[in-house]
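Sharing a structure with you now.
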Amino acid sequence: MSLVLNKTELADYLAEVFPQIRSDYAIDDLTEETITMRLKVEDRHLRPGGTVSGPSMFALADVSVYAMVLARIGRQALAVTTNCSLDFMRKPASGADLIGRCTLLKLGRALAVGDVLMYSEGSDKPVARATMTYSIPPRPVG
Amino acid sequence: MSLVLNKTELADYLAEVFPQIRSDYAIDDLTEETITMRLKVEDRHLRPGGTVSGPSMFALADVSVYAMVLARIGRQALAVTTNCSLDFMRKPASGADLIGRCTLLKLGRALAVGDVLMYSEGSDKPVARATMTYSIPPRPVG
Amino acid sequence: MSLVLNKTELADYLAEVFPQIRSDYAIDDLTEETITMRLKVEDRHLRPGGTVSGPSMFALADVSVYAMVLARIGRQALAVTTNCSLDFMRKPASGADLIGRCTLLKLGRALAVGDVLMYSEGSDKPVARATMTYSIPPRPVG
Amino acid sequence: MSLVLNKTELADYLAEVFPQIRSDYAIDDLTEETITMRLKVEDRHLRPGGTVSGPSMFALADVSVYAMVLARIGRQALAVTTNCSLDFMRKPASGADLIGRCTLLKLGRALAVGDVLMYSEGSDKPVARATMTYSIPPRPVG
């Protein structure tokens, strides 16, 4: 139930396996069962009209659960998303970062499940929610 | 943002529109944004082997979000489920009630969205999670 | 890619592991990648108002994918549902059986995924759709 | 039940409301209930390792259902995604376009639902499936 990677180690590893992550995301907070990730919103994340695009919200949720799983199991770049459900509930604010608050609900031998609530920074109404399932490769028993 | 029905009024209305609910479910707690519902587990809710069946977990999640929405909008028996996602994460304990903790994430004019975490009573590991979307009929502006 | 159980063997096995299935469901058709299951609608499957209940639709989808997976991998009662998404699109007709048409999309070593479209018998508009993921226990390579 | 926009009109309108769509996507085929969309895979759609990224698959599914809905209801840029479920089943081939085959399951007054199966061009095994729900703004009765 403890973290295998701390916040700095996790950020370094994510930057190594997904170089594009360093410029787009930041880890705001990490505990044993939660992670808060920030999408640093730039023009390329927006739809016409100025709101954050659906694919950018999907990506924030996906990265959040991936990062949470890696923080617990260590350097396992091969974990893959198998399922995702997303509800888009409000229009994200323009000009605000998007904050993903992820809770790890299950970390089994083969499957991990995490929930993510997404907020425009400064608001307490979620703009979207997501659940992601990751399939994780067999690993040595610790 | 306030409740239109309190816990007793809600229980009475549920029993009126779904008579079978009274014997199967109880409302343990109700706030403006959350409801805790209990499935009083009986043999008819079990699969061979003794765990709570998938349809029974679906039904608990569905009833929880329905009840939460009614508590906020009042007597609207016509609200209907349009979408549901469910993750089954652990085997429910046999011989324990199933507790659904529902959070209302959105209550819009046309759609309501609620999340439900389900636990075997006495455990803090969720056995399942669900998100339900309800379509709600047009109603007078309050 | 071939069936391990034919239609009769599959029906017998389902009746053995889930005795209640025999009275509620029938297998209308089975191919290597599809199964058509019938929910023989009785009063206990209905909501007040006469339409088939959500839990009954969930159960039909779940049984359909389970049966399809068993037809391909053989007697493996331990396969369990890990994820489900459901969209409820139209009101089922009262007084008509509910027909589930399932397509097996993936049968991997660890996970199987199937889609189900559900129809009131005699209509060509789907009342609901579902996708189910099953986790399947390790099995000998054939 | 007939198309309001034909293939050329639809492509022109998509390019007008989402200029980036013209370079990334093509409409391969359009009927009254189905659309086939092509993601012209470029480096920016790939993950390290060479497979198409999750956000790119999400985007293909989202655009496919959006385009299908517009083809039926006409120029309604305000339709928004409210819900999505995705199953990732196989690794997309590198160096192949991704083909989305969308079927419109429901086109109601307020909600539209479409299913999308995604294939690497040249393969008949789906790499992913998605269901998208769109909320559509009130429109004149035709």
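Couple of notes before you dig in:
Labels A, B, C and D are assigned to the chains in the order they are written; within every chain, residues are numbered from 1.
One rule holds in what follows: contacts are C-beta pairs under 8 Å (C-beta built on N, C-alpha and C of every residue); 3 or more make two chains touch, one makes a residue touch a chain.
Quantities reported herein were computed from a predicted structural model and do not represent experimental measurements.
Each of A-B and B-C has its own count of C-beta contacts, and the greater count is at B-C. The most distant chain from chain A is C, comparing centres defined as mean Cα coordinates. Centroid to centroid, with C-alpha atoms defining each point, chain A and chain C lie 33 Å apart. Between the Cα centres of chain A and chain B there is a gap of 28 Å.
Centre-to-centre spacing of chain B and chain C amounts to 24 Å, using the average Cα coordinate of each chain. Annotation for chain C: residues 82-83, 85, 87, 89, 133 touch two or more other chains.
Listed in rising order, the residues of chain B touching chain A in the complex are 85, 87, 89-90, 105-106, 108, 113, 115, 117, 126, 129, 131, 133.
On the chain A side of its complex with chain D, the touching residues are 17-19, 47-48, 54-56, 58-59, 62, 80-89. On the chain B side of its complex with chain D, the touching residues are 82-83, 85, 110-111, 133, 135.
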